[in-house]
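One chain, subunit A, appears in both complexes that follow, with subunit B as partner in the first and subunit C in the second.
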Partner chain A sequence: MHQSRGIRTLRTIAGWLVVGVFFFPIYFWTTVAFRNAKDIFNWPPIFVDFEPTARNFEQVFGISLGFGFGAQEAVTPGGGNFYMAPRLWDSIVIASMSTVLAIVVATLAAYCLSRMHFRGRHEFVNWVLSTRMMPPVAVAVPMFFIFKQFSLLDTYLGVILVHGLMNLPLAVLLMKSFFDDIPSEIDESALLDGASRWTIFRRIVLPMAKGGIAATAVLCFIFSWTEFLFVLTLTQTSIKTVPVVSSTFVTSIGTAWGNMAALGAAAIVPAFIVIMLVQRHLVRGLTMGSLKQ
Partner chain B sequence: MATVEYNRIGKSFGAVNIMRDVSFRIEEHQFVVLLGPSGCGKTTLLRMTAGLETVSEGDLMIGGKRVNDVHPRDRDIAMVFQNYALYPTMKVYDNIAFSLEVAKVQTDEIKRRVEAAAEVLNLTPYLQRYPKELSGGQRQRVAMGRAMVREPSVFLFDEPLSNLDAKLRAHMRTEIRQLHNRLKTTTIYVTHDQIEAMTMADKIVVMRAGKIEQIGSPDEVYDTPASKYVADFIGSAAINFMPGTVVTGEGQPAVDTPNGRIRVLPGAAVKPGQKVICGIRPTDAVVSDDGPIRTRALLVERMGHDVQLCTAAPAGQFLAIVDRSRPFAEGVEVRFDAAPEKVHVFDAETEMRL
Partner chain C sequence: MAVAQVKRIAISDSPIPWLAPLVALLVVFTIYPLFYNIWLSFHEYFPRKRAIQFVGMQNWQQLWEDTRFWSSLGVTFVYFAVALVFEIVLGMAIALLLDAELPGFGGLRAILSLTLVIPPAIAGMMFLLMEDAQFGVLTYILNSLGLLDKTTPILATSSTALAGVLVAEIWQWTPFMVLIFMAGLRSLPAEPYEAAMIDGASAFQMFRRLTLPMMSKVIAVAVLLRGIDLFRVFDYVFVMTSGGPGTATYTLSLYAWQQTFSFIKWGYGATLSLVSLAIIMVLANIFIRVFKVRW
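Coming up: the complex of A and B.
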């Protein structure tokens, strides 16, 4: 496509503007993590020219980083009130395990819904979707009592179950649409080749749906990574995820913005790594429906 | 190799009946083409044969055994799909080897058979490629290789050439037929393309709206179409139809049509006064200065070896394919005649051959 120089420049500028709009909050938040409290709310705001400190990270992770931006006080051994490293680990465990749970169940269910004809199949799909129509807060309190009965309160298993199950409807519907895009002749062909349903699923269909699985997994992971309400209600002291502990930086003696930013900035990293890992499949997954083979 | 027999086969989807009372028999080694427009039930019949659709009524026999309730993988058949249905995540070799792997055939035996099939189909250089790296014709051959390697007793083809361009289609047509001549596996081939049917089949089964219209060799369905529908469907330049009434003139039955009086065979089972439809194939129309069919040339299409004349006759458009020795000009009058034995006569009511 031929474009005049002006238009091209304009497009480049517009592109960078959009990137800037999305990137600026991340940049600012990250720099806040490296600031002393006095440098955070300056007016006019400073963007680059501040005295950097690793103190926020040291408090949040309960370690001395060993590289100092000037003199540092010793960090309380074993962590003080702001020691949050284990919470990051909680988040990683919960997000990955609930994603695995949702993907395994959703993939199997979606394949059945896409390929097998049984009575009430369409109703089943509608029912699956309808479970997402309820506001989560409506079930938070009942869930609390149910979990209490089953001793699931404040356990990994409990939160993993809730996050996994909450992701199921969306994951099932997404995966179903990916399976629907795979021509059923491929299954039939394998069936005539003598393969069992399970072999077809494992050796033929699953490899073809990799992109869809990656896309679904990213959505599930991010959901669990950022979920607040159920972690707040269903955990007490032994586990908490990043979004919930972030709120504990708001204390009676003020808000620890620097520490909150440090945890937030650190929390970007695992999610970022997960997305990078599956990114190769992701783009293909999101466009798979449009590519006829 | 096996015979396939359809015995009063019917098919319903829910309350909708789409096929009833289909009966015919396919002998060993035969190449049978199911021919018909889309929606006539030919693909459904093929899928029932494969076991991908249930049989609602009647008995389906393969090799003399009733297979209505036999699982597809136990029917000893192989099918080539319209969109090839290759496994995109596997290389060509693994695509062809898949059925043997599933059947737990020894690895060196698999290798031997895959390589033999690849040799026959000229796929040897492509065995380590993925399907997406192949052209349409090559994919088509992989699909055939996948079917061949199992050495099934029946081959099923579901419009395998419809995704190819015209030239490749003609080429693959001869390849498939040559392959059949070599392997002699009983073959059922579904198509809506009458040229494929005419050129490949030992026997053509013409279907219409879930019923069999005619079964016969390519020559039989072309020379003596059982109905107006078959006459219309078979033949690449569409046959000319003209309505008329039977008269007896000069001791021989003839039909008075808007296009003039057309002589028909004395043996034709017609009664004077009967309303009929005459059909004359474009290739059977002969230019004759005193012929009964008076037309005005609308379009002269030179097709190389011969000329297709599109003309206006009283009964509507009249198509003729004639040799190019005579010059034709648009707008001039051309008169045609047809030999009585070349005129197909159908009952106006039932549209069946008389």
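Coming up: the complex of A and C.
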């Protein structure tokens, strides 16, 4: 459509303003991570003009970042009230291992659903989709009891299993859509040449679907990284992921907003970076493979 | 000849080894919890006896008389409906606005996708801070605009608490709709619009007669996926209000979770989560049939 220059300028400004509104909370939260208490609790709130400090990060991660203008306190690992480096590690271990689990299982199944014809295939896909509808609370409670029985409560293995399972519907449907993009004539001609399904899958199709696997893995990682209810329910003291441990910064004597924002920012930045890497497949991922960009 | 051969090979391939790991895991994750919840809903845990005992239909009967259950169901539906309407309307408006090649718009789309990777619990914290009555920046902005009385704490007032939670929800997930709708808009063919331009159709007419019908599949998928998540909302209310003040923000998921883990009513908690599951399944399946969503 041809629009006049005036309208185009207005539209540009409107677009920037709208996205600015959505970006503002992220900006504000990030600045809170670099503020002293007095700049957090000020009224009227301070938008730009605060004294930057690295203390929140130093307290949360037990390292001295060597900048800031306030008094430097020696912070030793394990010494601060909110020493959170191990929780960041928990998040990384759980998100990456559960991603591996989901990808391995889902890739096998998705290849089969994309290539093989069998009775009830359509119903099977619908069943996988319907498992996405389980409310987490309806899963978490039975899982709590079965985990208690098998001593899986509060262990990496337990949370990894649940997060891997949680991501299966997404991973299966998304991988299926990527396999559907690869022409099945390739498989068929290899079959005629006498190759087995397994060989075709491993040698031909998997290498061609690399980009799709990477995009699926990133989304699984993010959904595990951001998950709250299962970790809240299935862990106690020895492991906790960042979103759950953040909620413990709210104490009866007040909330450690600066520390919480520092931990939050440290957890969000890696997710920002990986989501940028999969922009091309983002919509396909968000719609579980239903829409291709 | 070649086709027949391929078919024969394809049929002789068994899907079982490929699907077995998936089926095994999904059974653990869905079928087992389903039956366990059903079993548990006819039992109750008695902390003093430290035992689970059969109680018949007691938990199901309790549902009818439990006003907190009905209020949590009401809160969940209001949350679901308000968030969905806002996210669809705002999402479509912003998608239409940004669907142009203007300076920086590519970057704007990338910035919008950032909200989606923030853990909802942390997004809840962000808004908890911004809506604080003493120093919250959102409180300040609303006060300055004259939209909110300084003496009204947003999240501690029954009439505004749910709106306060919804702000976080809508902020985080409107970009989800924007990104999906924009992808849909870009895939639309140009010819119908050119024809409509020649016929002198207005922009609004083109949106209603061309864009909306052609986008119906895209909108249906987005609404289905978002709707499922909205109905089981937990994170935001858990971190922002814990259901309060009173029962103003108690959602069904939160109520079920609390019955199980805070009040040790395992049987009743299971009953509540079954209700939640049943409602999602029924609504989602009706939606899939009516709008013919296919994967």
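Here, the second predicted complex is superposed on the first by the 249 of 293 C-alpha atoms of A that agree within 3 Å, B and C clash if a C-alpha of one lies under 4 Å from a C-alpha of the other, contacts with A are read in each partner's own complex, and residues count from 1 in each chain.
To be clear about the criterion, a contact is a pair of C-beta atoms (placed from the backbone, for glycine too) under 8 Å apart; a residue touches a chain by one contact, two chains touch by 3 or more.
Remember, predicted model here, so these are calculated numbers, not experimental data.
> For A:208 in the superposed arrangement: first (subunit B), second (subunit C), both or neither?
first
> Tell me which partner touches more residues of subunit A in the superposed arrangement, subunit B or subunit C.
The partner making contact with more of subunit A's residues is C.
> Contact-wise, after the overlay, does A:264 reach subunit B, subunit C, both or neither (first, second, both, neither)?
After superposition on chain A, A:264 lies in contact with subunit C alone.
> According to the stated criteria, A:243 is in contact with first (subunit B), second (subunit C), both, or neither; which is it?
A:243: touches subunit C, not subunit B.
> Considering only the touch criterion stated at the top, classify A:186 as touching first (subunit B), second (subunit C), both, or neither.
first
> With the two complexes superposed on chain A, say which partner A:123 touches: subunit B (first), subunit C (second), both, or neither.
Neither subunit B nor subunit C is touched by A:123.
> Name the contact category of A:49: first (subunit B only), second (subunit C only), both, or neither.
A:49: touches no partner chain.
> After superposition on the shared chain, which partner residues are touched by A:272: those of subunit B (first), subunit C (second), both, or neither?
second
> So, does A:195 touch the first partner subunit B, the second partner subunit C, both, or neither?
It touches subunit B, and subunit C stays clear.
> Let me check the overlay on chain A: which residues of subunit A are in contact with subunit B and also with subunit C?
Comparing the two interfaces on subunit A, one with subunit B and one with subunit C, the shared residues are 188, 191-192, 293.
> Looking at the complex, which residues from subunit B come into contact with subunit A?
Of all residues in subunit B, those touching subunit A are 50-52, 72-73, 77-79, 81-83, 85-89, 98-99, 102-103, 131-132, 146, 150.
> Okay, in this complex, where on subunit A does subunit B touch?
183, 185-186, 188-195, 199, 203-204, 207-208, 293
> Taking the complex as given, what residues does subunit A use to touch subunit C?
Within the complex, subunit A touches subunit C at residues 1, 8, 11-12, 14-16, 18-19, 22-23, 25-26, 28-29, 32, 40-45, 47, 104-106, 108-109, 111-113, 115-118, 121, 124-143, 145-146, 162, 164-166, 168, 172-173, 188, 191-192, 197, 222, 225-229, 232-233, 242-244, 246-247, 250, 255, 257, 260-261, 264, 267-268, 271-272, 274-276, 279, 282-283, 286-291, 293.
> Which bits of subunit C are touching subunit A when the two form their complex?
Within the complex, subunit C touches subunit A at residues 2, 5-6, 9-11, 13, 15, 18-19, 21-22, 25-26, 28-30, 32-34, 36-37, 40, 94, 97-98, 100, 102-105, 108-123, 125-127, 129-130, 134-137, 140, 171, 174-176, 179-180, 182-184, 186, 193, 197, 218, 221-222, 225, 228, 231-232, 234-235, 238-239, 253, 256-257, 260-261, 266, 269-270, 273-274, 276-277, 280-281, 284-285, 293, 295.
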